[in-house]
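Once you scroll down, you'll see the structures, which are given as structure tokens.
The same chain A turns up in both complexes below, where it pairs with chain B and then with chain C.
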Partner chain A sequence: MTNNTAATRTTATDGGIGNEAEVVSPLRTIARMVARRLARSVVLLFIVSIAAFGLIWLVPGNPASTLAGEFPSQEEIAAVESALGLDAPPHRQYIDWLGSALTGDLGESLRSGRSVSSEITARLPVTLSITFFAVVFALLVAVPVGTLAAVRRGSLSDRLLTVGSTLGVATPSFFVAILLVIFVALNSDFFPATGYVGPSESIYDWVRHNTLPGIALGLALAAELARQIRSALIDVLRSDYVRTARAKGIPERIVLTKHAYKNSALPVVTILGAQIATLVGGTVIIESIFAMPGIGGLAISSVLSQDIPVIQGIVLVVGALVVAVNTLVDISYGFFDPRTRQ
Partner chain B sequence: MNAALEVANLSVSFLTDKGWVQATQDVSFSVDAGKILGIVGESGSGKTVSCLAAMGLLERESSRLAAGGSIRLGGHELLGLSSREFQKVRGDQIAMIFQEPMTSLNPAFTIGNQVAEGLRRHRGLTRKKAQQRTIELLEMVGISDPKATVYYYPHALSGGMRQRAMIAMALACEPQVLVADEPTTALDVTVQAQILDLIRSMRDELGIAVVLITHDLGVIAEMCDEVAVMYAGQVVEQASVDELFEHPSHPYTEGLLASMPRLGSNRQALGVVPGRVPAPWAFPEGCRFAPRCPYRGEICSNPPELQPIADGHTSACNRVAELHLEGIR
Partner chain C sequence: MNQHDPTATTSDTQGQKPATTPQKWAVWSAQPTSPAATETTNQTTAHYAGSAVRQTLRRFMRMRASVVCCVLLLLLTTVSVAAPLLATHDPDATDLSSSLVSPSGDHWLGTDQIGRDTYSRLIYAGRVSLLAAVEALVVSVGIGLPLGLVAGFARGKTDAIISAVTDAVMAMPGLLLAIAIIGAIGPGLTNAMIAVGVLLSPRFVRLVRASVISVRENAYIEAAITSGTSPVRIMGRHVIPNILPPLLVQAAFTTGFAMLAEASLSFLGLGVQPPQASWGSMLNSAYQTINQSSFQPIPPGIAIAVAVLAFNVIGDGLRASIGREEYRS
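What follows is the complex of A and B.
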């Protein structure tokens, strides 16, 4: 074949390139897409902040009366209220609260008097670590298992996955956690049953302390993801474009890892995004079983003692995290499916 | 000289709810370099299955080829190759384009990436060289702004443009044979003509052999040199285009010709073959066309064989010698 053949060709007149405006420059479409998603997450964050602040009115009792000591008089309560700014109109209170929150000041704990932000930042890494290990564990299990089941659908391994994933989804994480403590942690020196070590102290100990909690928290997610990967892959492997790739003589391994994975990723990241809030919520019980000083313990004790500023801070920070993860998921759609970039 | 592609006695069975079911039986056809072979027949007659079999694209677990078949590409037998060896041939020496340009390109990769993929694999071109060659190919198939198009994702192109990109992809490694499975069925009428033009001029310029599957005898008349007519998993007649149109030698072919829209005739008046192609598990004994055949006789309960009736003309009709079938000129 030579390359001087173009001149004789009838050039196409059938509408050609679709909507010209949509395809100006790939970089600009991506930048626009990211900007739009970020704008949306700002709106979401705003809503989260209102919800967090509004908790004051949902919690029974009055923080000022709690704080003013046992059997306070009406005047004592009023004094504390004005000291806390609780006598100002609600929108004023909200603006003040948000203003300081934006500078990192979430007020002080009613109980300990320590700054809420430092309470949270001391414990956040624990919760994030457990969640991170859960996601990594879930992906490490779900990707190969889901792929194997899809490629050999109908086989024994496929049926094992179906049974296993039903079990996995249905088993409560605290139960898995207890089993892991009894049968693994208590029998091995490698995995400790309790405590937390940060990655900045020792990566090795960080991994040791977080593996079992991560497995306990991530098992249900792994089962769910494996199922999802299997069904997404089965659809994609039947698609016309996979047949095209095979017709080009692309080896099956590359058909799978290049052509099929990228198209099956959407449902998978969607689930990850949707499950992240559940996952963070699940850390509460995992932390307490493995005696790890995370956000969950702080949340429980501050709810029990009606420590409103701490509760607000936790809701705000966790809410912001969930929004951030979902924004990343949204942006990743644009990577996996170029049609969503518009 | 060897035919560019010579397929003989391909019998494909599928594993279905009803057990193993034979979808095609002893399908044979061949096409020479620089020629276009048309395969025509109603839906379900086994056109796609035969071509997928020739490409080695049938799923291994749910299908099988009966022994005794042969797929020769430029004289080299492909059956019996390991899947790895077949992969090296596929997309390099024999390529295929499909009916649905809208779904046949991967939505997650750019046109450039997908056209270059075969070049990089089979020819070991560097990214840069493959990109250059891709731009040339896109230009060759009549895409107006090839330098920009390599960066587009399929969703930005119209159906006709996508089919052009598919053709560029198929021709990338300069194959000897191009299999086109109803490449225009999904396209607008005006675009259909352009794509057919393109395929014909590629044949003229590159000297490739083309297997063109279609429902449309009009397309056959315009494009092809040879025709194979398929019915219920079998080739029932094979001839040069002129011969087939003038002297059809199978009642099914006559029926297809009679249902062809022609200048000056109105569509209502068209004859159509009554009934439809049976499913593979319900193929009749004897001649499979007999239940729909206006000329059926007692002899038709015997399975007919594809027999030469004139030079380069074969038919699988038990009564071919007695019948005077009507062609068109």
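What follows is the complex of A and C.
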């Protein structure tokens, strides 16, 4: 899947310019590259916003009477209708919704009546924390394991990595989470099984509460990354310039850190970017297991009560975040690897 | 495949113009298109096709892990189909006097909170989980294949629109989007699997589109287009057989992924609804009683992991053994 993404990215960007890019100064090429990626992300955001808003059209029957709760009165239906702006034509509704969304107003929850944007901003730090811990855990595991397997190719540790990463990718994160609760949280006081503490209250408690969720969420990513680092490193270690470096008598440790890592970093960054969406989606279920008050919990409770404005807001905000991260990754890729600029 | 297609095109044209004059026949007969000759070519095609399948099989059989996983999956399917015969208890029969008992001779995998036999529930739930994954696969291929064909063939604006939407869907967190769709259309296993199928369809759109674009570069497709063969026929005869190998590989991975998605959604209570159970919902109810019995989450969790693993390993094995050299890695 990730290979697919990379391939499409390059094909999507190599239209048009061709040979003239050789004459243009590097700065202009970079500026063009950034502009192109930004334009692409605007298109993506536009589609995401339509998808988020369009959820209302998927509600079966008359949305207003379905969403007004059980046995609504005529007034209640009318209230929902005007709250959602359902009395206007569809394109008008979308433009109004997007217009206020751009100013930070995502409407009010149908159930609690609270502002959707403040509900989301209150819960976003929890989701971002779990994602952050997952990425840190994945890197901490994948870099040494992948390196070891690449350096000692064919050895026992290499084969263990292959088996381990296949298992790691297939094991559902929520099963890992449950295993961690059974075997770690229930047996020790250090890692709690539930709850969340923000970093502003206590860094120490923040780490304690986020470690197990981070591991559960990050395990599949660690497996995937370790595999990629291994194959990227193997490719680099076979290359001519590494042979030259070794022939010059540079110690293996320096060959790895100075030459090999730099060139195998790009595929790793690409995968990280591609996996961000999966990670953020995965937090939904991890939050529910560890009873953490994040976006996921909000999404589930609003889905169960068909609180459409909240769901729309979550899809829009999370979608925008993911598109932003991916655009940054794309742009950084262009900076590091001149070949992808065109 | 390649070298036989010109023959296929010739017979196409013949089929469309049955009223050819004898003179034209003279021209045609320079090529081996007499009924007898066509038969021989068909036989060679069949022979080649047979040996391609056999070669693929031989390569696949050499991959021990994939073969083991195939057997495992067959076993899972058989057990699920034969669940009524293999179950030791009624999967829904409650017995509050023996709730959350440990594995024993009577209850092989113990019981859940309301005394239902975990082993019997597990094999019945397997039916639900496997079927749901197949449902999602059918939905995603059903959407992805035609859209990919259209995008790859039409190119231009149509392609740009389809590709942009595909990119946008792929950029979104799938699970969250599935939850959002369920929020609009309501919870339930069928709804959940439709949502999952829709969200997985971009994988097929991309794959099919890319394959169509690379296949249509071939001279024989151009020849077919020039000779007036209808696009539908070109797709059916030349394009689909060519993209079948990568499609099969992707189908294996997608089924595994759909299983994972079903388990996640049912775990969250948005998929399968009680009293029906899937492995995901069993895992959730076992998690509710984790303080009393830490064994109960293990069987459904392992079942999910093993099934998903099997689909992934089979996908890996297929990728390494099926299709032309350039598809394999």
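Miscellaneous remarks
Keep this in mind: the second predicted complex is superposed on the first by the 280 of 342 C-alpha atoms of A that agree within 3 Å, B and C clash if a C-alpha of one lies under 4 Å from a C-alpha of the other, contacts with A are read in each partner's own complex, and residues count from 1 in each chain.
In the analysis below, contacts are C-beta pairs under 8 Å (C-beta built on N, C-alpha and C of every residue); 3 or more make two chains touch, one makes a residue touch a chain.
As the structure is a computational prediction, the values presented were derived from the model and not from experiment.
After overlaying the two complexes on the shared chain, residue contacts for A:240 are found with chain B alone; chain C is out of touch.
In the superposition on chain A, contact of A:249 is made with chain B only, not with chain C.
In the superposed pair of complexes, A:151 makes contact with neither chain B nor chain C. Contacts of A:181 after superposition: chain C is touched, whereas chain B is not reached.
Among chain B and chain C, the chain that touches a larger number of residues in chain A is C.
In the superposed pair of complexes, A:263 makes contact with chain B only, with no contact to chain C. Touch criterion not met for A:78: it reaches neither chain B nor chain C. Of the two partner chains placed by the overlay, neither chain B nor chain C lies in contact with A:88. Contacts of A:34 after superposition on the shared chain: neither chain B nor chain C is touched. Comparing which residues of chain A touch chain B with which touch chain C, the overlap comprises 1, 5, 8, 12.
Only residues 1, 3, 5-6, 8-19, 22-23, 26, 239-252, 258-259, 262-263, 336-339 of chain A touch chain B when the two sit together in their complex. Those residues of chain A whose C-beta lies close enough to touch chain C in the complex are 1, 4-5, 7-8, 12, 43-44, 47-48, 51-52, 55-56, 58-60, 166-167, 169-172, 174-175, 178-179, 181-182, 186, 277-278, 280-282, 284-285, 288-289, 296, 299-300, 302-304, 306-308, 311, 314-315, 318-319, 322-323, 326. Per the touch definition, chain B reaches chain A in the complex via residues 55, 57, 83-84, 87-92, 95-96, 98, 100, 103-109, 114, 117-118, 121-122, 136, 139-145, 148-149, 151-153, 155-161, 164, 166, 169-171, 174, 187-188, 190-191, 194, 197-198, 201, 205-206.
Remark: chain C residues 163-165, 167-177, 179-187, 203, 206-207, 210, 253, 256, 260, 263-264, 267-270, 283, 287, 290-291, 294, 297, 301, 304-305, 308-309, 312-313, 316 touch chain A in the complex.
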